[in-house]
Structures are given as structure tokens and as C-alpha cells.
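Working notes, beginning with the structure itself.
All chains are identified by letter, namely A, B, C and D, in their written order; residue positions are counted from 1 within each chain.
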Amino acid sequence: MTMAIPSFIVETRTRASTLSAAAVIALLLLAFAAPFIVSRGVIQDLFFILTMLVLAQNWNLLAGYAGLISVGQQVFVGFGAYTMFGCVILFGIDPVVAILIAGLLSVALAIPTAFFTFRLYGPYFAIGTWVVAEVVRLLLAQWKALGGGTGTSLPRDATRDMMGVGAMRDLFGMKASEAGDALTYWLALILVVATIGFIYGLLRSKQGLGLAAVRDNEQAAGAVGVDARLMKTLVYLATAFITGIAGALIYVQKARISPDAAFSVTDWTAYVIFIVVIGGIGTIEGPILGVIIFFLLQNLLADYGSWYLLMLGLLGIAIMLFAPRGLWGLFSDRTGIQLFPVRRVLKGGPLSLTHKGGPHG
Amino acid sequence: MNWLDTILQGVLLGGLYALFAAGLSLVFGIMRLVNLAHGDLIVLAAFLILVLVTTLGLDPFVAAVIAMPLMFAIGWGLQYFLLNRTLGKDILPPLLVTFGLSIVIQNGLLEGFSADSRRVFAGSLESASVNLGPATAGIMPLMTFFSAVAVIVCLNQLIYRTSVGRAFRATSDDPVTAGLMGIRPHRIFALATGLAMVVVTIAALYLGTRANFDPTSGPSRLIYAFEAVIIGGLGSLWGTLAGGIILGVAQTVGAAINPEWQILAGHLAFLAVLLFKPRGLFPRAVD
Amino acid sequence: MALLETRGLTASYGDFQALFGVDIAVGAGETIAIIGANGAGKTTLMRSISGVLTNAPASILYRDEPIGALPAPDILARGISMVPEGRKLFPSLSVEENLLIGNYGRKVDGPWTLESVFSLFPILKERRNNAATALSGGQQQMVAIGRGLMSNPAVLLFDEISLGLAPVVVRDIYAAFPRIRETGASIVIVEQDIAQALKVADRVYCMMEGRVTLSGRAADVSRDDIHKAYFGTDHHELA
Amino acid sequence: MAILELDGVSKKFGALTVAEQISFAVGEGEALGIIGPNGAGKSTLFNLITGNIAADSGSIRFLGSDVTRTPPMARCLSGMGRTFQIPQPFEKLTVFENLLVAGAFGSRRREAEVSDRCAEILVDTGLIDKANVLAGSLSLLQRKRLELARALATEPKLLLLDEIAGGLTEGECRSLVATIRAIHARGVAVIWIEHVLHALNSVVERLLVLHFGTVIGIGKPEDIMASRDVREIYLGIEI
């Protein structure tokens, strides 16, 4: 080039995000201390919120970023849970280890699943994932060793002497069941931090930028060298891994499983979709806001039975029609605040001099 | 196991699945929209027929005829005031809105009719059957199958012989140029969904009289409809009938081997077709 | 009084302005040609008049009624029919069906019926049951024109009908013009093939970069005027 | 050694022939212009070269290897940078991010390694002050510049430009030509479809004339522009 261009710097941090980072760290410390502060009931509620948040972030990554709208993610929740139950009951493996195995086997399941469902497009992909979930549910319902259609429970001692429970009993003088809840709660907290960390790291990476390009215009992305199919497959496998782990963790805490519960469309897909849509699809902050609203609504309307779900459906439709970027979208569009900024902002060079035209102009 | 009888029952069951699928295939062909609440709309129509039969003491067939215009209006309004707003480049809004709609219908019905499973009694017709040599076929299954054939013949006549049918196809090809011909795409879409709801009412009649149903049995019907459309191949109504028959036979054969395997066998047949013929058996070839 | 006219018509896609205050007028039974280089705004003008673009409420008048904001179906109902750029036939309809759909939104008695269109373009009668896409470029253009006639419009807009057609085919198509003019309809031709356009038009407008740069009777407009208005450069620099 | 060789490439859409036995070669670092009337099949030829449309017959060799059946993404990675005639920006990403995607994936390097080069390209193509603006809010002309900038960011060995000069002012046209000349001077081969002849002829070494899907002439710009049949078919003027 004729003239050396003064070097540029690329920034992504914003003032809001640095402030929020400090707040998040403080919140995390408080969260880790929770089992010593709040009652066991609150811990179980927090566990529910955290696990639903993990499922919501994963579905959001699939639909909001990779453009893969799945109505079948319950297959990994259920399959992960059953893998964990299988390891514990049939092989006597410690539940915490079984959770990890559940994640790995879920990825193994995701490979053939992707092979079938990626042949379908858009709405047909959505229903295709649902069929696959039904197939796996029906197959597992035949597995007599794990209680077949009626399901089974974890043996009492399995969760009582889980890894770390003994230590906590001695160290903090907790009762066994209390220690069990605290352990699963901490695991859930770690899983949330890991999930959000992974997704945010991905979005800040080159692959994340490529994914956003594919979501925006797949043909143009291909024309500049982005392999859309590979990108989507990797995201599909990653979300299967985390969703499998979440499923196993949820059912360690529940300790009771049945095919219809573990593969429930309502619990592991419908609720998750509403959390993401109401909160704000295509953002990391959306599902966080969404799960809080979802939890409040559930408590508020818990005793209204199916009215609650009816209301949730109407709210989801209204938001999808009139505020497609969800409640967080509305907030961040107005205030410009982003807790997880991803935008690569170019600073320095002629930008700072802001004169018009390049060296030739 | 009497093979011939199993296959015959499967073919007749295929007629029911083709009725589930015909509306889905029609709407997708015209506006590339899949209504995830399609199964729940079938159940809604079944409850509508149930109410007409129980409160007005009508014969199910008469009740179905009365329910058709009502369902047409529901379909027309649903498309014109709600679903048309979601059409566009992004496939997310229509999917999420219809998913929400499915949840709303299911829980609305739960509030109205509780969760017990219901059935529309068709009197003597239910048990009547006719002897076809080696196999016997129930009157209702036979009527279901011939209704499916009749519906597909009528729909094909409408689409390929009438001016509204031309408008459907033109709008599906190019909505902007269709506008230049004086066609109003949003009205055409509403008409198509309304028509799909009429077919849904016929499907609901046979669903309601042959099997138990409750507010949550919509999703499984959606999946059967979807599988019939995919097996048959997109955009071809005769293909949808063929898809329904293949699904029906797979299910009856599966059930004959082990009663718990009926639905599973259907899904596996679907996955097998998807493996070897991703575009379905008759992609728009037979029309 | 003009049957159809635009007054200070401006149109833009996003913040890119395509038309800058365009004034044209068409009298009853008159044929006008609009010529101009690629990207001069000719097609944007056609899309605004035909209702494909509806963002110029007051600046398009038809029989003194402002129609700038009306969608395409309402504009066809009033008797303005367009043969769109690139023909845009419906692939899943046969030749005959493509013609029949022409008057879906405006069924009016008049000179143009299926039979009279077949007499205008005899080849189409033989190929009536073929799929529209199975025809050659020229034949597809004839179907598009026939489709535009079927609604017996008072004003017929032709957008780039010589697009991608060999000169000999363009001559065949323009040979049909006298019979179209006989019916008294007004015709607006947007064209790149200047020679053909001038032969059939009463008056001509030339456009460049969204503005009318020349207008006058076709007979007394010289070739050099057209070049200056067409390219913004005079003739010899082109060589 | 030729960087790109087309041999007997043909394509039909139904009965419509859009490419008929097209054969030509582009030398290492050569700049070839393509002209022809609207609808001659120019953009189709581009899409055949880049793989967005699959050829029915014939072969396409790029840098010595046969790419006739490879997908567009693979051809980009082997060194083809292209612009779309109708701009296709990543609307929800900023202009700078549009280039980062092309740079990082197109030339297979890490984001940090390409960000300076992307900034330089933004300066060259006059988009630097729009760097942090969402590409969706750009005007048509700015979107065309972004198409060029994005193609450059992939560090192509062969740059394919599709009507990128249309609608530019004199000054913008000069700066565009300067940018393309600078790229060409660095040994990048260029194939450029364009209607703005004076811009095209000031860069390309050879001109190819496409009409009705066939190559009807290829040679030095001066000879091509002077030849009689090219002028008549291209400009439709009976001289």
C-alpha cells in the first residue's frame, strides 16, 4: 500500500459490560455460599432455575445463533438421564461420574440424529427432531432393566454416598440428603457458568462470527469460505453434550425416572422455548431474564393448573409477533446496554481523524 | 398372524393418516408454512363434533357437516389475523407462534373438557363390517379410506381445474407477480388454511369415532401427518396418500409382532424412507 | 387531460434514492416509450405505477385519482396491467393457465379473450398445454404479453420486453403492436432497444440516473439527442 | 499457465438455454471484461464459475484442478473472491465484521491476523467511516462497495466483479477504478461484468462479449468496441 495505515485496535468490551462483570462475580460468590445461607427448599428452587437456564441457553444457541429450530432437545435430556441411571444401577458407577458419561453418550447419539434430521429443512427439521425423540423414548420404554414404561428409582445409597457428600457431611455437619442437594446445586451452578462461558467464548471467537454470518445469509457466507454445514453440526453436537449432562444432573436430584417424564416435550422443550422467546432469542442475556420471569410466573399461577400454560402460550405468541427480540431485546434496544457484548468495534487509524475518503479520495 | 388382514387394516389406517396429512400438505405447498398446531386443530374439531353430537343429539356425520363451516371460519381467521403476520424470510416466527398456538389449544381444551379421553359414538356403524373373502374390513375404516381418496380427488380437481386453484399455484410460485394479476395473497393464504380446516374436520370425524382422544392427543397426530407427507414426498397429494398407507401398514405390522411396537414401527419406517429417499417416494412426480 | 401521469414522483430503496421527481404523462390511446441505460430507474418507475411499490401516495394520478399508495390488485382492478421485467410467468401453470390467470382480479368484457390472444400469437395455441417454462424466450414473452392483455386494461405497461431476446424475435413481438394499439388502450413501453421503441411510440422519454433527461414526440427526436440523454456522453466518445 | 479455463460449459433452465458451449481462458494476473445486453447470461456465467449454479456439461478448471463439481465454499477457499450483482451483506453484522468473516475464513487465518488488512480495505473502498455501522443500514451503492471489500478481504487469486460501477459519480468511479487497478497490479486476476464501459475499458486487457448465452467475440477492447455486430447487438442501434 502506498501509505502505512496507522494500526487499528479492535475492542469488544463496553462500559456496561465491565461494570456487569464485577456484579456477576459478586453474584457468583453469593450463589456458591447459598447452601449455607438459605433453606433447602430455596436451594431446590435455585437448582430448578439453573438447570432450566442451561437448557434454555443451549436451545437458544441452536435456534438463535445456528438457525436450527429443534422441537426434540428432550431426546438428550432423557437419554442423558437414562444413561446416568444405567451407569449407576447396572454398573454401580458414582452418579457424578455417570453425569459426565451421559454427556459423552449424548454426543454419540447426536451423530446419527444429525445425519437424519439435517436432511430436513426448517419446519420439517423441527418435527424430524421430535420424531427422533419419540423413537428413543419408545425404545427406552422397552428396556425392562430400567423399569420399562413405568420407570424406576435410584438406589438410596447411590446418592447418599456420592462423591463429596461424605466430606461435606464431616466438614459442614450437613445431613446426607441436605449435602446431596447442596452438591447437585453446586454442580448445576458450575454447569451454568461453564455453559455461558462456552457460548460467550464461542461468540467472541472466529467460529462464532462465522455462525452469525451463516445465520444472516447462508449463501453469502459460503461465498466467503464459511462451511455452514460443518458449523451447524459442531453446534448441534456441543448442545447435545451439555443438554445430556443437564438431563443427567436433573435426574440425579429427582432420583426417580420414567420415559414419559424424561422425554416430556412440555417440560424440556415447550417451557425452554418460552423462556428463550419471552426473554429474548439470539442473546445470552435473554434466557437469563426469561428463566427468572418463567419462575415467577410459575409460582404466581401454579395453582391455576392448565391456565398457566395457556397464559404462557399466549404470552409467547404475543411476544413473537410484537417484540421478536423479546423483553431483553426491548430493553437493550432502548438503553444500548449489553452484558455480553460481541460486536467487534474498530477504533484508531483514520477513524479517529474522521476525515472523509481513503488515501486516494 | 393373518398377513393379508394386517396389511388391509394398515392400508385402511393409512386413509386416516392421509386425511391428517392432506391439510398440512396443501398449506405447505402454497405458503411453505408448517402449522405445529395442526394436530391440535384436529382434536379441536373432534371436540366440536363431540359437543354437537352430545348437546344436539345429532348423528356424527351430520355434526361433522355442521362443524365444517365453523372450522373453515376458525382456519380463515387464524391465518388472516395471526399467521399471515408471521410469513416472511425468517422461519422462526411461524414455528414459534404455531407452537404457542398448540399449547394454547391443548390447555384451552383441558380447561373446557378436562383430561379424560372421549369418543364419538357412531352407533351400529362402529361394529359393522363387511366380509372381503380372506379378510374382514370394518365399515368405518373403509369409509375413512374412501373419504381420504375422495378428499384428494376433490382437492386435486380444485387445484388443477378451477381458477381459485390457479390462484393457489400462482401465489405459491411468486406472490408479487400474483398481485399484478389481481390476486390478494393474504386472502389466498386464509382461504387455503380454511380449506385445510375442512379436511381436518373430516379427519376429526373418523378420529373421534374410531379411537379415544383427549386434549393432549394432538401432537402425535401432527407427527403421523408429518411422516405421511415426508414419506409421500412434498407437494403431491397422491404421494401423501401413499405415505399414509406405508405408515399405516408399518404400524399394523409392528403391532402384529408386538402390540407395544405399533407407533415405534411407524417411526422406523419413516426414518428408513428418509435414509434412502430424502425427498420422499413421490416428490411432486405423481400429481 | 392525461389518463395517467406522475407528478414529482420520487422512490427509494432504503436510503438509496432511485427516482428524483419524475414527471411523465400518458394520454388515452397514446403509446409512449421510456428509454434509458441500465439502472436509470425505468423499472422502479414501472413498479411504482403498477403498485408493486406503494410509497408515493400523491404523486401518481390515474383519471385524477391518486393511486400511488394502492397495492397491485387495486391498480389492476382500475385497469392498469403490467407485463413485468423478466416475464415472471408462473412455472407450475400451463401456457393457457398463465393466460387465464391474467384477468383473475379484473374480469371485463373487451377485445381480448383467450381466442383473440391466440389469434395474436398463433404459436401459443399449439403450445397451450405445455408448461410455461418449456417455451423459448420469445414465446414466453408472448405469453407474458397475452397475460397482460387478458384483463382488457385501459393502460398496458411493458417492462423491458426485449430482455435477453435475439433481435429477430424482438421484431416478431413488436409486429403485434399495431393490433394492440387498435383497441385504443394506452401503452407505456420501457425499453433498452431504442430502435424498436421509437418505431411504435408516439412520444418518448429518456431517463438517466433517476431523472427524465429528454422528452418529446418520437418523430422529431434525433439520434444524437438520444445518445446525449442516454449516456450523458456524446456519440463519438462511445467508440 | 491459465488461472481459469472454461471448456464447452453449457446450462439450460427448462427449454431456456442460458449458457451454450462457453469456452475461454484467463491468464495468470490477467484482467478480462465481460459485456453483453441485459439477459445475455452474464450473471449466470459468473454463478457457473463460482459454483452457485451447476453446469449441465463442459468443465471448469481453476489453478489447474477441475472444480466443475466443487461447492462455492471450496472454490472460494482455493482463491476465488466474488461479488453478487444484487448485494448480499450480512445485515445484522457491522461493515467491519462483514470483512472480518471474509478475511478470517476466506484466507484461513485468525481474526487478529486479518483485522488490520480489513481496516486497510475499508479505507481503500471508502467505507472506513461506516466500519461500525450495521451493514443492513447501508445504501445500495455502499452495499456494492461492501461486496467488493468483502471479496478483497478473502485475498483472492481471481476476483470476480458483477456490475459494481453502476450508478457511481465520476469521482466514485475514478476511486473504484484506482482500487481495482491496485489489486490487479498485485497480480490478482480479475473478471469484471460491467455496463459502464469507460470504467471497464480503463482496467481490462481483453473484452469478452456474451449474447444469448454464447460467446460472440473476445479480444482487445478497441477491436471489440469497433466491431459492427457487437455494437448492433449490444446497443441495438441500427447504424
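Observations on the model:
By definition in this document, a contact is a pair of C-beta atoms (placed from the backbone, for glycine too) under 8 Å apart; a residue touches a chain by one contact, two chains touch by 3 or more.
Since the structure is predicted, the reported quantities are computational estimates derived from the model, not experimental observations.
Set side by side, the interfaces A-D and B-C show unequal numbers of C-beta pairs in contact, with more at A-D. Ranked by separation of Cα centres from subunit D, the top chain is B. With centres defined as mean CA coordinates, subunit C is found 44 Å away from subunit B. Distance from the subunit B centre to the subunit D centre is 49 Å, each centre being the mean of its Cα atoms. Separating the CA-averaged centres of subunit A and subunit C is a span of 55 Å.
Within subunit B, contacts with two or more other chains are made by no residue at all.
Counting partner chains per residue, subunit D shows two or more touched chains at no residue at all.
Chain contacts in this assembly form a single closed ring in which each chain touches exactly two others. Those chain pairs judged to touch are A-B, A-D, B-C, C-D. Interface residues of subunit A facing subunit D in the complex, by the touch rule stated above, are 1, 5, 7-8, 10, 205-206, 209-210, 212-213, 215-217, 219-228, 343-346, 349-351, 354, 356-361.
Listing the residues of subunit B that touch subunit A in their complex gives 28, 32-34, 36, 82, 85-86, 91-97, 99-104, 106-108, 110-111, 219, 222-223, 226-227, 230, 260, 263-264, 267-268, 270-271, 274-275, 278.
Interface of subunit D with subunit C (complex): residues 13-16, 37-41, 137-141, 163, 166-167, 195, 197-198, 212, 225-226, 232-233, 236-238.
Chain contact summary for the complex, subunit C toward subunit B: residues 50-52, 71-73, 76-77, 81-82, 84, 88, 90-93, 97, 100-106, 147, 151. Contact residues of subunit C toward subunit D in the complex are 13-16, 37-39, 86, 131, 133-137, 140, 160, 162-167, 192-196, 209, 223, 233, 237-239.
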